[in-house]
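Look at the two complexes coming up: chain A is in both, with chain B in one and chain C in the other.
Moving on to the complex of A and B:
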């Protein structure tokens, strides 16, 4: 089937209100824990208070005595009941290979050790608090720099080799100007406002799971493997997700236990975990350290770039984000060295968190670039311009498009960058020190196989079905705009169904691939319908008889020819069939190769990740870019840090839904501000336990932290990335922001803070 | 012997939520099925028999099927459960249902003047795309309406400050401010 590229039906690119907006503002949007389930029992988790050791003994008598308690699950009665499923980051399903409640072993703080089920939430909670556990406690390693013996370190176990070219060490030694610095980023937690919830309902041997998910097909198939049952017998329902940011992508351990409990009781069981538990029952962004060395000649041209990263993972899992893949291809440089190390600790397995690889790694590189600009007494924008590249410096593969400098120029102009006095501490306003900083944002334009069913009813209403997910990204709206555009119908005539594993499989809502993957599938299905209608019209008697079917378009509810003939869509539909007209499409990304190209849909149907990365798009690489400029104000005496304004300009191919895309970028930039100034999960290093596991102590930006946020779209046409020319942007906005803040803090104060977040105490 | 984990949560903040609250040890009420409570929600009286520990949030969500009010932390830190009690904004997760008896409760489901219509704040949130995932939105909207009534929406800075108890992890904050300004002008115009 031909890809319907460059079609302009006037809907793609139109700013419209979110089509699911009304449901969300009236409280009618049904998130998984909103589903009313008759006769549901309530579950409450009990989690470990130690990070490493073994459970010696449970004391359940007090808990069992609580009126209304129905069941208590521990490893003693669940051992062996939940099978192994492969690790998501290793191409499988689960967020971790740690299997709680399968043995007395404790791998990390907050590991699930028991689940109480009771008639009411209140009784379950009371009983959970009365579960007492005796542990054999062993000394735990909290993370980096622990003086206790570290678990073995491993390098590069998951993916390809560390990108390298030339002799970076020699070139660095010989460089006229050098920057050599260490940077660090903290542990962070996604903290979507919706908690981690699961409701399981058995009906005979079939299971329905209501759980917020970024990947219903992954959840379904992974759970089937764990429960040793056919995936056909499981349905996962998640039409709305109250924020995810990566935390709801992989199958976490809780789900299988809720299913088990429901089976044991022969009645539905609903779990709503607590906010504190949200810090340990899913994943997190691990802390990272970076050693960046840049060498340049006096003109600012990079001669050497080396980036070594360290990341924390759990004891059993080799999880890493390895952002050197991106930092090695961002700037022209003949000599590049990268290395990524994993440091194992007694912690849960980390996982994807919004822009997993780019957020920590690009932060480090973009701070170092600013340090280099200072060392060269050069404007930091000019330094990026001098080192801009249209090819990957490692292997020479071209970018499909790269509008980084256009982004810099647009954002700089909107920001008023030319008025900047580069001297640190030179700009003030009363008691406020003013700092201006900038940084590069980038994200690979990933695409995955996706399937969709489009049905046009005889009255012209359109139904789009695909098991994609709208996690706040605007997927419902972008998909509806695509269908409305290609079928020439008003937006109100299109309905979109997502987030249900009975729908055609769609990829994980992660890696910013969803809009590109799903909208291309939907567009192909619409194109198939158009083509069938046009063929029939051209062969039949009627106003369009004999016309070239390939040139016919669907516009304004009519099938039209280039020479101005037309007929109503309803007439065209009647010619085909009396019932609804349907097309089911399996879209394979144009850039797919190897296993994904051949097996992509099998993988997708099995709920396995099958995304092709923008960094591995065959003969080229494909990335979206942006440039962010912001102002910090630091109070001379109190050192309070504010960000009164931020401007970001982004080039991300064709923007399907500008309203929701703008919100994604706006939210992303605010995430970046949070990353720079607020967020960090503190760890009690003696016990390897999280300290600030609630929303009062884990700081995220609140309304009063944010003022002016300006999003600029830099037009970009790139039909090499995929037929519709879409580059994902959900994870673009928060890349580089933290570096821009850090660079602005340096400009305001002359102090280079290389350890995030930057807080008042760092500037005293 | 170590206690298992729930007590480590910062429930000291959780006034009504504290598991060690003396209320939970009212065994008579518990055994006999709880307290009889009449809640007036969105203009309708509901007669419920509740465990005395049931929060207003859980009464709405689990007992009345009014799931528009959301549970985001259950400890008064996120604002997703914000409802109006006698016209003022309250955190339903920190309010015991029984303590709301005799008061007039309004939730997101009852905010619009009539079935099928939208309150100006709801419309403004749609017009300005003042949400993404939508989970904090009912709480934001209830809080925003009260914020205007309180006279705390006169300036952008006031709005930002007085809306800071409602967290939006998607970070739609600038759009929320824009929406509140639009609705404020409409609400005040309607009043004047």
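Moving on to the complex of A and C:
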């Protein structure tokens, strides 16, 4: 299919600075946590110090005696006041089904047990430190056991059956070359810089909530259900979000209690949870284990692929990421077996974290592919080429487009891969061992129903309104470029409003769907405006009278015909209305089917997830791809591991905003390096309690760790994914990176480290 | 954080007087001096330290800060900022181990705030110490036990440990002062006194709550670092998981007096692996009078870690600590010193 001819305004695909950049660097952008509310009382959480058991007794006297304390919420006075709402991962709203402060039961360490409200933050904090709680403590299970998992097995309770085809076990037994290995990834936390804050303001029976959110409509509707009130009476405001990465997608337990406290006191209440509390009041990436078995013939062709995963979840919730959906369709193979298991522990419910499924599962598969290349004495890029596929090997459905090998070729060339000596330990620079590794990145091109209102004022200025979210991703810029392109106006003439539940509903900023979903909605609204202007111009006596309205375009502030006639946009506008001209669009993804196709907008307006996955796009599947190459350097004596350079090439359809897209991929690759070498939440197994819950001890890469990062866009046109040809890429960059690191470490040292993070002690 | 009163010290005598309140452990003392505040405020916010009164000694900075380069050595004022000492050209050239230990510590922002004396007194990063939910911590609650012993010990010490505490000393600069035979000048109620740097910190033993030999109210006024044949051939090697802003997994401060390939004197201190800034005297003795090469460096490193007692996750530090010291010694030996 060709590009829709209407994308010709020269703005889509143009590199422009982030339009909200100035606001952000000058501090003028008002994040929800920054909102100053008059007369607000301040809340501070008390969280449990045990992982499993019951609260026996509260000792609140010392806390109540602190000057300025107004209220202390515990289950004793909030029980039954917050209703249940459905679990997000089961198609509902909440991050967990655990309802803290509804009973004395403790499900996990760091569970909210009390909320102190006081005149000042300082008084609330002091009083919170003086709350004492007696517990009946039961022995807690922290996660996987000390041996390889033999857990209670639960096969995909949430999403149908595990992908399978052929007889993987038999084919593995008969394979000429075999790889059989276990891999593991650790617990990780999002650690967004903007903390988990909530400010609730009641005005009569209406409630305004200022909270950093990736889904204001979800928050609004879920909270309404919990508080047993009409969603129309709740407004959620979150125009900027200081990092989220999945942690702010679902409704967490804290919000309802802040609303409740504000109601009890009849004044606004602001909660700022601490950095340490951020490890337990929202979600996290659970630790995973993987058993991967690959069989191949001598030529490198895969004959068997089996991937079994184990994931930790809380006791009550069957949360899982089940990345076998992706690892089963990545390479051509006639015999595939997958299985996913949940291991329940005394932990909070995990949740989405940037590329939830792909990061751990593709890590395991891409390491195994490298091991297979070594076993075959074959270049790992060649192994991917031999097993490249244009169809899903499970059911034969074609990829709408798949430029994986183009990505490999471009990145390999830029990296200088041809100079690699494949022998492990063969490349050195003084006292530093050098290793080069590569891996595949991929992410489904998800699309969701979205709504948008575009208004063109008589003077030609454009206002775009949609309750989407800019979580640092560049959404404001991408949306503005789309409107400017389709309406033929300068970028400065476009204003974009996001992150407010009074705006037209837009989907969760998750699953990398936002640009595709929202920009298509905005484009349809712009197209509607163009069409109405063109029809009126064609029927009028003006300079465009009688011209083919379908061929007219908006460009450079004018309505133009292919034969060169034109009139100013302002003149065209006067034909339609005396005031502003408006279009409201409800965009339904072209790939939607089933309930999303029929009821998608009803679901969206109710704040329910209504995304169509790129892995279930009707008659085809749609994914974005990339290839990442990196160099590790390991000191031969002290074994520090550093990554001086990384190159990634990505094919993700049409790139609307190259500057911010590049930033997403660059940040993703840096994240990927961190996920391999730095990030891990330490858990004391005796207490099932997190230990390194601050930014000094929970390591992420710092500037000194990152030197050369090169992002290459591989051009790709694919108008099957959606009308604008957009494949989301926010979660593409950090997929596969950890495998590339692990593969490079093997190349440098000859040692295969399969459990992340890879640290000094693994290489001594 | 608990309420506290804050006052600015008017003069040295007043500050000393204000803080001369008897206490069984400095960490529990009701009066605390505030210098850079980069450790103290952190620990107050997480409820680990609960002073009633802070005496801000920054008004004493004119007398207590500054870097003076003398014929016979270097004097560093106690309230000199870490960044000022790290960036000082004479310190960089003639006392490289000092400059490097400072430059590799913390972040630029912290180095701009933190004082040298506050830095040497920095408290452990033991995560069981820093989380009051763990009742068993002999530093916080003497006699309560040690939650770290059976816990996650990757960051914990293997040298100078006791059955009561294995918390690692986290700093870097102290190791540099230790190898250069620095002395610590201290002002107190009874006047001034000077002690060798190695007498400042105390092994945990059965009183891990008592971390130094400073009496209540005593203030470090300056450090004197004598100029010696080994000061220029010195370096600080810090090994860690990321390139910056992380405490040492293992580190070594090394200063050598070499004549040709022969070691006239060797000075070695270890960080990240010990409960206090750790002088490796056994390793020094092993090197003195011999040549410095791979095998003698390895023998010295082995001697240095002979007393090590590992615990759970930190077994690797015996090997890593040795590798760190070997690398530091060979690097120091190969330094080109221009006169």
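The rule we apply is simple: the second predicted complex is superposed on the first by the 750 of 764 C-alpha atoms of A that agree within 3 Å, B and C clash if a C-alpha of one lies under 4 Å from a C-alpha of the other, contacts with A are read in each partner's own complex, and residues count from 1 in each chain.
Assume a contact is a pair of C-beta atoms (placed from the backbone, for glycine too) under 8 Å apart; a residue touches a chain by one contact, two chains touch by 3 or more.
Values in this document were obtained by computation on a predicted structure and should not be read as measured data.
Engineer: State whether A:764 touches chain B only (first), chain C only (second), both chains, or neither.
Structural biologist: second
Engineer: Tell me the contact category for A:638 with respect to chain B and chain C: first, second, both or neither.
Structural biologist: A:638 contacts chain C only, not chain B.
Engineer: Who does A:696 touch here: chain B (first), chain C (second), both, or neither?
Structural biologist: Touch partners of A:696: chain B and chain C.
Engineer: So, does A:684 touch the first partner chain B, the second partner chain C, both, or neither?
Structural biologist: second
Engineer: Return first, second, both or neither, reflecting whether A:24 touches chain B, chain C, both chains, or no partner chain.
Structural biologist: First partner only, chain B.
Engineer: For A:594, is the partner it touches chain B (first), chain C (second), both, or none of the two (neither)?
Structural biologist: Neither partner.
Engineer: Quick check for you: in the superposed arrangement, does A:579 touch first (chain B), second (chain C), both or neither?
Structural biologist: neither
Engineer: Name the contact category of A:708: first (chain B only), second (chain C only), both, or neither.
Structural biologist: So A:708 only meets chain B here.
Engineer: What is the contact status of A:245 with respect to chain B (first) and chain C (second): first, second, both, or neither?
Structural biologist: Only chain B is touched by A:245; chain C is not.
Engineer: Starting from the residues of chain A touching chain B, keep only those that also touch chain C in the other complex, and list them.
Structural biologist: On chain A, the overlap between the chain B and chain C contacts is residues 49, 122, 125-126, 129, 276, 696-697, 701-705.
Engineer: Provide the residue numbers of chain A that touch chain B in the complex, in ascending order.
Structural biologist: Spelled out, the residues of chain A in touch with chain B are 17-18, 20-31, 33-34, 36, 44, 46-50, 59, 67, 110, 113-114, 120-123, 125-126, 128-129, 131-135, 137, 190-195, 240-245, 272, 274-277, 471-474, 659-660, 662-664, 666-667, 670-671, 674, 693-697, 700-709.
Engineer: Residue numbers of chain A touching chain C in their complex, please.
Structural biologist: It is residues 49, 122, 125-126, 129, 276, 431, 635, 637-640, 642, 677-678, 682-684, 686, 689, 691-692, 696-697, 699, 701-705, 759-761, 764 of chain A that touch chain C.
Engineer: Where on chain B does chain A make contact in their complex?
Structural biologist: Of all residues in chain B, those touching chain A are 1-10, 13, 19, 24, 27, 30-31, 51, 53-54, 58, 61-62, 65-75, 77-78, 80, 107-109, 112, 118, 122-123, 125-127, 129, 131-138, 141, 157, 159-161, 163-177.
Engineer: For the complex, which residues does chain C have touching chain A?
Structural biologist: Going by the criterion above, the answer is residues 1-3, 46-47, 125, 127-128, 131, 133, 147, 150-152, 154, 237, 239-246, 249-250, 316, 319-320, 323-324, 326-327.
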